[in-house]
Each structure stands twice: as C-alpha cells, then as structure tokens.
Amino acid sequence: MRVRYAETDQMGVVYYANYIVWMEVGRVELFRSLGFNYSDMERDDGVLFAVLEVHCRYRFPARYDEEVLIKTWVKSANTRTVSFAYAMSPAGTGRLLAEGETRHIFLGRDMRPTRLPKKYHAAFGLTDGE
Amino acid sequence: MRVRYAETDQMGVVYYANYIVWMEVGRVELFRSLGFNYSDMERDDGVLFAVLEVHCRYRFPARYDEEVLIKTWVKSANTRTVSFAYAMSPAGTGRLLAEGETRHIFLGRDMRPTRLPKKYHAAFGLTDGE
Amino acid sequence: MRVRYAETDQMGVVYYANYIVWMEVGRVELFRSLGFNYSDMERDDGVLFAVLEVHCRYRFPARYDEEVLIKTWVKSANTRTVSFAYAMSPAGTGRLLAEGETRHIFLGRDMRPTRLPKKYHAAFGLTDGE
Amino acid sequence: MRVRYAETDQMGVVYYANYIVWMEVGRVELFRSLGFNYSDMERDDGVLFAVLEVHCRYRFPARYDEEVLIKTWVKSANTRTVSFAYAMSPAGTGRLLAEGETRHIFLGRDMRPTRLPKKYHAAFGLTDGE
C-alpha cells in the first residue's frame, strides 16, 4: 500500500487516524488470503464484523509515497468475537511504523450479536469443539 | 466550521478533497435552515440526492484551525434535479477560499430516478406549475 | 459536533477511524478552553504533540447527523508526555458512544523529544517541582 | 486500486469526495510512469502542484471492494500550469464510474507561482520553444 498525499497532515507525516484505516485494508486482504471476501460475507451471510476496540502504538512516522506493508493475523477467535493484530512496516524493511490490535463482535443483519457461520470456522482457526 | 488537523496535508494547507466534504456540510445546514433534515428525508421519504457533478475553484488555501464559513444556496432546481452553489470564506472576512457547484439527481430507495416529493417543492423554490 | 455524511460507512453508522479524528477535535477544543491554541503552540514554540498510542472502545454506533459531544480531559502529564481521555456521547444524553485515551510525546521542530515549555505547565496541571 | 470500507457512505456506495482523492492517486502514478516522483520533485526542486480547479462527473457508483482502474493523462500543459484528465472504471470493464479534470499551478517553496523546471518539460510534452 502506498501512502497517499491525502493521508499526510501538516506535520509532514501520516495523520494518526489513517493507520486505523490501514488496519481495515490489512483485515480485508487477510480475509482474501483466507479464501473469502468480507464483501460477500456481509451480503450473502448477513454477518458484520463490528469493532469493539482498537489499540494502536506508533513507533515511527510513515511518510508520503512510502510503500507500507501491513502484516495482519488472527490473534484469537471464538464463535462470538475475533481479535486481529497488525504490524506496519516500510516495504523491504523490518522497521516498525506502528502496531496494534482490533477486537470485533459478529453482528447479524438485525445488528444483534450472532455466531460466526460454521463455514468460516476453519479460516479463523476454530475447531468444531468450540 | 473549524479546520481539523486531519484535513491538512503536508503542504501545510487543507487537502483539496476536503472542500468537497465541506460542500456537503453546507448542503445539510442549508436543508436545516429550509426547515427539514436530509437524514429524515432519506429515511422517511426514501429520497436520496445522488451527486451527478461537482466543480470547485480554489482561490486561497485554508489553514489549520481557521474558522471557515460555507455559504450555500440553491442555484437551480426542477422536480428531477437540483444544483447548489457554495462560497467558502474565513469567518469574518469577505475573502474567498473556494467556490463551487454540485448537481444532484433525486433517487428513490430502488436507486432509480424519482421526482422530488411535493412537500419539499417550496423549499427548493419550485412552484406548483413545475 | 455534528456527524457528517462523509463519516458514515455502508453499515449505516460512523466509520470506526472517525472517532479517532474526533478525539483530535476534542483535544483542540480542550486546548482552547485551557487558554491557548495548538496552532500557535506549533508555530510560535515549535512544540508538536506526536501521538505515541491511541486506544478506543466502541459502545454504541453514532449515526449520520447526530450531534455528538466530546468530553476531553488531561489524564496524566509530565514535562515529556501527556495523556488525554475522551468520552463521546450524543448531545443531551449520558449514553456513551465511545471512550478512549491517547498518549503523546512533545517534539521540537527537529522532531526530537523535548520538554513542554514552562508557560504551558499550569494548563496541564504540572507544578514547578516536576 | 481497491475500494476501502472507509470510502463508502451510508448510501452503500463510495462517498463522492473520495473520487477526488483517487484523482491524486492517478496523478502520482502517472508521474511515476513518466519517470519521476512527485515526492522528490517537491523535496529536491521545491515545486508544488497547487490545485486551481477540480471537476468531476459521476456516471455510476463504485462499491466496496471493487477494483477500480484510474486512467490519467496530461490534457494540456505550459510552463505555468498543467491540466490532467481522469477516467475511472471497474478493472476489466470499459464502463465509466466517473471522469474529471484538475488544473494546477506550479508553486515554489515560497508558495508563489513559478515555472516548471526544464528537466520536467519533456515529461509534460513541453518543447523547448514554449
């Protein structure tokens, strides 16, 4: 992902809320790599991932036009909630720009808590016993 | 409306797409001053104002923490479309930061063109003959 | 502060990163109520508040056109860093939409850590002994 | 470029100001394909492209997670100003989502109008006679 001019602020670096947007980009690409698509999940299964909590620690400012790699993984999951972790670095370096977590609850179309449909269990590392 | 840090870019001034967001803020406040609320209109009457066109001319850059006044008015309207004009100035000055227009078409809940409900005609300067 | 259309997402509620932008709005207004202006501080004293950490817990989704009150206060401060806390509610209610904290370090124009200038100590509750 | 959740609004489609942000993404990639980098130009040559005017016509709404192709080209240029044109389509289709133009003036570090440095003339189709 390449930093957009729109994402900088007058300090000359990326505005702090944009890292939170990037976490979403990382999440969506993680879903894609797990073999499904958040968009279809929302439309076909009526399952929304509502955010309960976000936490971000800023290590080093990202700059305009820099290529940023967002590493995203499932930190923990059960049939009701899931937590993702994120590490953002300039492409080709091990240097950390920011790292963080988000915690989500599954909601149905009625905006009430629901369980993650079975077909997604494996993708989130849930075994049948859970 | 006060300029947010988030709205600046590394040039030290407001990022150009944010003026387009401000036009929306001006529109909503115009609606409120005309005695209705876009939010209710969307929910109760199922009428959406879909944007067809936007045009903005930038005169002078707005800066962080500046108080900006957005003057908004109906430029022309019929039962199918409406155009708004905007003039943005620092509060208490006549100096122009930016000016522009947007043109909108009325859509129903099915996302197809519709006519503006009669109860809103007067607010948009439409007389019964139209 | 009134919720902008731009701030909603296709879930029909405010996009989660925008609460982080609102924290900044709250911070700036807190500064103003403490008798100074972040903008002047940045320009005249060359002091930047760089964000080290942000944490937000989401309780209830904010909706388009809702008036939101952002209560902001200094949680703790020393001459090197400051933490702010935030509580966001719909105006006129005690209901919580979201709450959170941010932690900041003071940077000079050279982007290196610096101490908060003495003239701001009182505003942040710092006594001379610190 | 893939549409982000952050870029949608409660109409379920991309918020109209985001197409203006995408134009910037198209511009930057055009610069890169012309053999230079806007970031270096700003830093090394002190040349800024300040926006004078933006115009966008919306044809069809873009949706979340859609892959969007931004075709960008120089519409006209002289040593003082440049205009770019844009056409945005879903990847793999000829269907138009939006099209538009931006007009820019070259500014120096002092924020006053300047001429485009000679080394960039060829990239913008300027011949020595101009």
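Observations on the model:
Labels A, B, C and D are assigned to the chains in the order they are written; within every chain, residues are numbered from 1.
Just so it is clear, contacts are C-beta pairs under 8 Å (C-beta built on N, C-alpha and C of every residue); 3 or more make two chains touch, one makes a residue touch a chain.
Every value quoted in this text rests on a predicted model; they were computed, and no experiment measured them.
A comparison of the A-D and B-D interfaces places the larger number of contacting C-beta pairs at B-D. Relative to the C-alpha centre of chain C, the farthest chain centre belongs to D. The centroid of the Cα atoms in chain C and the matching centroid in chain D are 33 Å apart. Averaged C-alpha coordinates give centres for chain A and chain D that are 28 Å from one another. Chain B and chain D have CA centres that are 23 Å apart. Looking at chain C, residues 5-6, 11, 17, 21, 24, 64 sit in touch with two or more other chains. Only residues 11, 16-18, 20-21, 24, 48, 50-58, 61 of chain C touch chain A when the two sit together in their complex. Interface residues of chain B, counted against chain C in their complex, comprise 2, 4-6, 21, 24-25, 28, 37-39, 64-65. For chain C in complex with chain D, the touching residues are 5-6, 8-13, 15, 17, 64.
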